[in-house]
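Each of the next two complexes has chain A plus one other chain: chain B in the first, chain C in the second.
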Partner chain A sequence: MIEQIRNQARQLLENGDVDVVIGYAEGSDPSRTTPIFIRKAEDVEKLIYDPRCINSLPLYLNKRHEYTRKGWKKTAIIGKGCDIRAIVQLIAENQLKRDEIYILGVPCEGVVSHPEKWDGSLHDGNRASKCIGCDVMIPHETDFFPGEKPDVDRSSPYEATSKNVATLMELELDKRFAFWRTDFDRCFKCYACREVCPHCSCNTCITDETMPSWIDPAAHKKGVFSWHLTRAMHLVGRCTGCGECTRACPMGIQVDLFNQRMKEVVQESYSYKPGYSLEDKHPLITYKVDDREDFIK
Partner chain B sequence: MKTATLNKSDIGKCIDLLLQADLRVIAPRLQPQVDEDGPDALEVLTFTEVKSGEGHQVGKGLLPLNGVKEFLFAKHEPLFAYEKRGKKIEIIPVHHEYPQTVIIGVRPCDAASIASLESVFSDANAGFEDPFFTERRSRTTFITYSCTAPDSSCFCTSVELSPDSAKGSDLHLTEIGDGRLHVEVITKAGEAVAKQLQELLKGEGDQATREKAGAEVTEKLTRIRDSAPIMDWLMDTANFDDEMWQRLGEKCIGCGACTFVCPTCHCFDIVDENKGSKGYRVKIWDSCQFDHFTLHASGHNPRDWQYKRYRNRFNCKFKIYPEKFETPGCVGCGRCIRACPVNLDITEYMAEVAHKATNPNAIKAE
Partner chain C sequence: MAKIGVFVCQCGNNIARTVDTAEVAKYCSEQDGVVHVEDCKFMCSAPGQEMFKKAIKEKGLDACIVSACSPKMHEATFRNAAEAAGLNPFKVEIANIREQCSWVHDDKEIGTAKSKDLTKMMIERIKFNKPLERYVMPLTKRALIVGGGIAGIQASLDLAQAGVEVHIVEREPSLGGNMARLSETFPTLDCSQCIMTPRMVEVQNHPLITVHAYAELEQLSGFIGNFRARIRQKAKFVIDDLCTGCGECWEKCPFSTESEFEMGLVKRPIIYIPFPQAVPTVPVIDKTECPKILKDKCGLCADVCGPDCIDFTQQDEIKEIDFGAVIVATGFQLMPNVYREYGGWRPPHMTPKKLTAKMRKALPRSDAGRLVDVINGLEFERLASASGPTGGQIRRPSDGKIPEVVVFIACVGSRDCNKGVEYCSKICCMYTAKHTMLYQHAVHHGKSYVFYMDIRAGGKGYEEFINRAQNEGAQYIRGRVSRLTKKGDRILVKGADTLTGQAVDVEADMVVLATAMVPQGDSEQVAQTLGIGYDKHGFFSEQHPKLMPVESSTGGIYLAGACQGVKDIPETVSQASATAAKVLGLFSKDEMMRDPEIAIVDQEKCMNCWDCITVCPYLAIDRAELKDRNGNFRKWAAFVNPGLCQGCGICNTACRSKSIELMGYTNEQVYAQITAFGGDII
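After this line comes the complex of A and B, so read on.
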């Protein structure tokens, strides 16, 4: 499979069809892989793909990385289904043009939840919970796919619900709050959750605003709660569930539980799952003239 | 030096004795997870204030995620309160508490980092002193614990430390087999703590076994780099624009994870927390990896591209710290390697620099 991807990447670079191929390479440790930008055809041998390839690469397509992207007219990117959902969502939000991107889709069997959990193979004990019930293991939007792309039924408006969210939602409200208080106590606001997110694309993040300072920049209870809850709200209907915010958190806070819960709310209210269609507008930035609610008119 | 032995199983009792002596005790603890056995659950070990010796993780696990930095250099430090009345601004002092504290289960790399922080926050030569840091430092005692199982990210031996180093320690513990610990009293503060633990400390230690155990663990480290040539290479200003910086650093995404988990990173910001006409001026953690860290009011940013920010971090560790403060900027704990979401690895920079410094001709040929 990876040979076909490498060959296609080589051809794209040799023909000058793309300026760069964003993919995965071996990391500095056997359990880790790392994002790599391939600019020369001879370097395509460095490309790999296996369940250790956890990173969501579309974050580099976000305009936050304008310096890195300078001079890249057309970018090829290796994408597993969940990453391609992020690309589709970026396009739907006008953050990216479809013809700037060449998607090298890969079939995926799921990825490991954390590099620390990698023991040489993928199994139920280390497969990230986001992969359970995934309907884009055969990716939807691709320019190249190694071999024949089988048809997959993705018509259900519902994604699998997360077991972790269900466990948390079963708790009494005060116990749930106590859980977050303990978890958020560890947050020191390094903003890894923001920086790994493919969808955080504001020029100035609301937490960096100083006049006025909407969110206290300090990592005390108020500052931490207002940061995480604001972040969760900003991603409602947009989060494509890559789970990178939780994986990236150096303090082991499961911040994506908020996003997963909000995903369920959006599904219940609007029968909508983001990142599947280029034409979609997410429910919170669009309206319908025949909306059944009166207040919108 | 005074030595003794202590039963490993008595550490919980040690913590209880320290608590009975009205000391604040910080120890490694495991934090609860939503789904303890689920595929996403990780062991979350952090230094936390404890109220009893039960459930402590001293000597278990490797490194708590947070390190001990936050107990000396607070994440959030109010400097003073203020209130505006018409054109007048009243400055109101803020009361700070500095409880007598013992941090137990500190690994040698973290202990060594204290001297580095101290050199920044209480620079005797520059005549500068951060009272919040120094007050806490003077009331904190470190009970350190030699490592037994370094992981693949550890590289303390590459920065002149070792898994059994007692540098920065007040009371140092090393496993010597049979469930026993060799206890070394290093400082007066350590002696005071040893007195509190007197009933549990027995006879004399076993220096020979302790040395042997330390050497055995040192052998286990796999990530070994030559840091000797790094500083001189960085001092050569021509290398500031070396091609390496962009090549290795362009994948950096600009989060502050590496700096916030780093035991020697110490940058802070001072901000106002305003509510109507009153508020607090507070000192909070900052990171050189943030895009607005060097952003000028004019809009100009000398570190406009992320790789330049990581270049600064590397320079800070291996040039600025040793040159300016004569203390190590990096203690080889490996936290930045474990925490990095994109596997940006400081030891890859170290290896590359060492290679460039020792093979200048090979690089020119490239």
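After this line comes the complex of A and C, so read on.
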């Protein structure tokens, strides 16, 4: 499989069809992989793909990042299904054009939840929660796919949300609040969750605004709560569930629980799954005649 | 330092009852930046306003707060007063301590404390208010009328006679609407078509009126004075300009289908005009039925057409036209499927023969689906009409026999909280009385019974009309009908006479249901296309039930006729004329003043996700290319057209990067307001 991808990447680079190929390479230790930017055809042998490839590469396609200003006209990117959802969402939000991008789709069997859990194979003990019930193991939007691409029914809801969401939702409201009070106590507002998110694309983040300063910059409860709740709200109907925010958090706060819960709510209320259509706008900014109205009291 | 004046109004006793205004005034005088406070009995009175202006001038105030009633009531009053005194009107804000405080609280302590908070919030907010200037906007003096029934016709003639250009959009092939279906009208029994068709011809011939028949309004953008309508002219497959209306084509058409105009009682050709007096007299081809269009067979109409005006390749055409005002006159329909209630249910426009076994099984009662002689009011109108399927003879649909006994049932579907609509359909008592008379006049030896709940005949000459119907032979029975069953070729009506307390069985040849008037089936979609409010039934909502009965909730859009609520013809016509008067009032000026409270974009911050463009209900936001000093493209950014922006603030909320500010409601103003109240909470 990876041989076919390498060949395709080599051809693309040799023909000058793309300026760069973004993929994964072996990392600093055997459990890790690292994102790699390949500009020379001879380097394609470095490309790998296996369950250790957990990083969300579409992050680099976000206009906010310096990389997009390097003048590269066309980029090829290795995408597992969930990353391609992020790419599709970026296109739907006008942050990227479809013809700027060449998607090398890979069939994916799931990835590990964290590099440390890698023990040579993928099993239920170390599989990321987003991979359970995934309907894009055969990716939906690709320019190249190794072998024949079978038809997959993607009409069902998103993959199962993390068990932690359900556990949390069962708690009483004040207990749930207490959980977050303790969890957020550890947040020191490094904004890793923002930096790693493929959909945070504002030039000036609301948290950096000073006139007025809607989100208190300090890392006390008020500042932390307003940051995380705003982040969750800004991603409603947009988050494609890569889970990178939680993985990137140095304090181990499960910040994507909010996003997963919002994803459920959007799905139940509007049967909408972000990341599957290049044109559809998310339900919070659109209105349809048959939209649910029963929650308006 | 700001020089703020605070004016606390007692509103007689309205506010003073639950708010200690003197204490609020004292509290405000201690706030930073406040240099003047007043506690006044009636701020909106002439002396109150004089005092307001005097304070601005004498104290040199640069911002004013009026703590009084809702800004809906008197914001304009005080802004105008401030302007007269030389202060920018947008440096005046209202703190609502009446609707949002005194009226909803009983406890004076709570009321006073809340009033202090509300006013304090405004004091902090107004420190960030910037002086704004009003815009002058152009105005398109052309009116759009949606619906070509009697309401639309009346409004268009009134407007055109006053010199205003009018366009009527009618989705059927002809003007006329429901009124064209009626045989005679109460309370004078004059022929409906005889009084209506001259109006229709007048509309057609008026140089200022354009009729878009067989067309639908697809989209309405813009705002009062500057609407833009997208009208879809459905393909008629007949070239308007060439057609002479000779009738050769519809007479020769070998195929037929149920006539919508005749309520399915008879068939019409596939190329058709709905009724002989149709305006315009240009036929249309029903493309869902025409074999030429569906499978390229036939084409007889094209062969016989003298002027060669049939074009099977015609496509729908989209027209974009600018308007200054819109009158909505989409009318009503009779409640569909009410037959079910009385066991006489049948699918609309479907004869019993067409019922499949499966459909029969699905019907609620064993003998249901077979009572063809149970008809609704509009069907009876067609039977009684001289131009109807029976040529004005009243014959029942099943076998064409002249009915000897007819039962009329009032309040079918109306005044019925459980199975129908709660409201009184208002016109049914009158038209049922009319029906008995029409029947009695046509069938002299016939017998008519009316089952009624109450007689509601409040109108000029209406009660007299009911008396006349009763004197002419109609027997009125006060009571409801429980069910209708088949008995031989007749219908057994099982009812009750609640005045004598006895059960009443009548064997009738025909039953006429006075079915409730309900809005058109797609009225909610129409309301959403137009951006106007509607109630739970689907009737369009007026701005104020008493004082603004013809204005919709959106400026520049007016409501005429039964689309707003049940109405008879005189009321519909009066309302239509009222809308015309409103439009003429709007068009009496050459330009409009617009408030400057609109959105602006910080184009450097904009990250062009275009969510604002998606959410904007007024299509006011566009994409702009930003260039550097050498004229090279630099970046894309959103741009708000100040002429179109209504200041609703939706883009402001949708913008994640906070690149959009709503003037008069800037982030700084709102933040100051919030923090003045609860900034320290969490």
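As a convention for this text, the second predicted complex is superposed on the first by the 279 of 297 C-alpha atoms of A that agree within 3 Å, B and C clash if a C-alpha of one lies under 4 Å from a C-alpha of the other, contacts with A are read in each partner's own complex, and residues count from 1 in each chain.
Keep this in mind: a residue touches a chain if its C-beta (ideal position, glycine included) is under 8 Å from a C-beta of that chain, and two chains touch if they have at least 3 such contacts.
In this text the structure is predicted, and so the values were computed from the model without any measurement.
J.: For the overlay on chain A, clash or fit between chain B and chain C?
T.: Here the two partners, once superposed via chain A, fit next to each other without clashing.
J.: So, A:218: does it touch chain B (first), chain C (second), both, or neither?
T.: first
J.: Just to be sure I read the superposition right, which of the two partners does A:124 touch: chain B = first, chain C = second, or both, or neither?
T.: A:124 sits against chain B, while chain C stays out of touch.
J.: For the overlaid complexes, name the partner, chain B or chain C, with more touching residues on chain A.
T.: Looking at chain A, the partner in contact with more of its residues is B.
J.: Touch check for A:202: first (chain B), second (chain C), both, or neither?
T.: Once the two structures are laid over each other on A, A:202 reaches chain C alone.
J.: Looking at A:63 after the superposition, I want to know if it touches chain B, chain C, both of them or none. Which is it: first, second, both, neither?
T.: In the superposition, A:63 contacts chain C only.
J.: Roughly how many degrees, to the nearest 10, is the angle at chain A when you join its Cα centre to the Cα centres of chain B and chain C?
T.: It is 130 degrees after superposition, to the nearest 10.
J.: Which holds for A:116: it touches chain B only (first), chain C only (second), both, or neither?
T.: Only chain B; A:116 stays clear of chain C.
J.: Considering the aligned complexes, could you tell me the closest Cα pair distance between chain B and chain C in angstrom?
T.: Closest C-alpha pair between chain B and chain C: 6 Å.
J.: Once the two structures are fitted together, what part of chain A is touched by chain B and by chain C alike?
T.: 64
J.: Residue numbers of chain A touching chain B in their complex, please.
T.: By the definition above, chain A touches chain B via 27-30, 32-37, 55, 59-60, 64-65, 67-68, 113-114, 116-117, 124-129, 163-164, 167-168, 179, 182-183, 186, 188-192, 194-196, 208, 210, 213, 216-220, 223, 243-244, 246-248, 250-252, 254, 257.
J.: Please name which positions on chain B make contact with chain A in the complex.
T.: Those in contact with chain A are residues 31-35, 38-40, 42, 44, 46, 65-66, 70, 75-76, 152-153, 250-251, 253-257, 259-261, 269, 271-274, 282, 284-285, 287, 290, 292, 304-306, 335, 337-339, 341-345, 347-348.
J.: Mind listing the chain C positions that touch chain A in their complex?
T.: Residues in contact with chain A: 524-525, 528, 604-611, 614-615, 654, 656-658, 667-668, 671-672, 682.
J.: Can you list the chain A residues touching chain C in their complex?
T.: 63-64, 93-95, 201-206, 209, 211-212, 214, 221-222, 225, 234, 281, 284-286, 289
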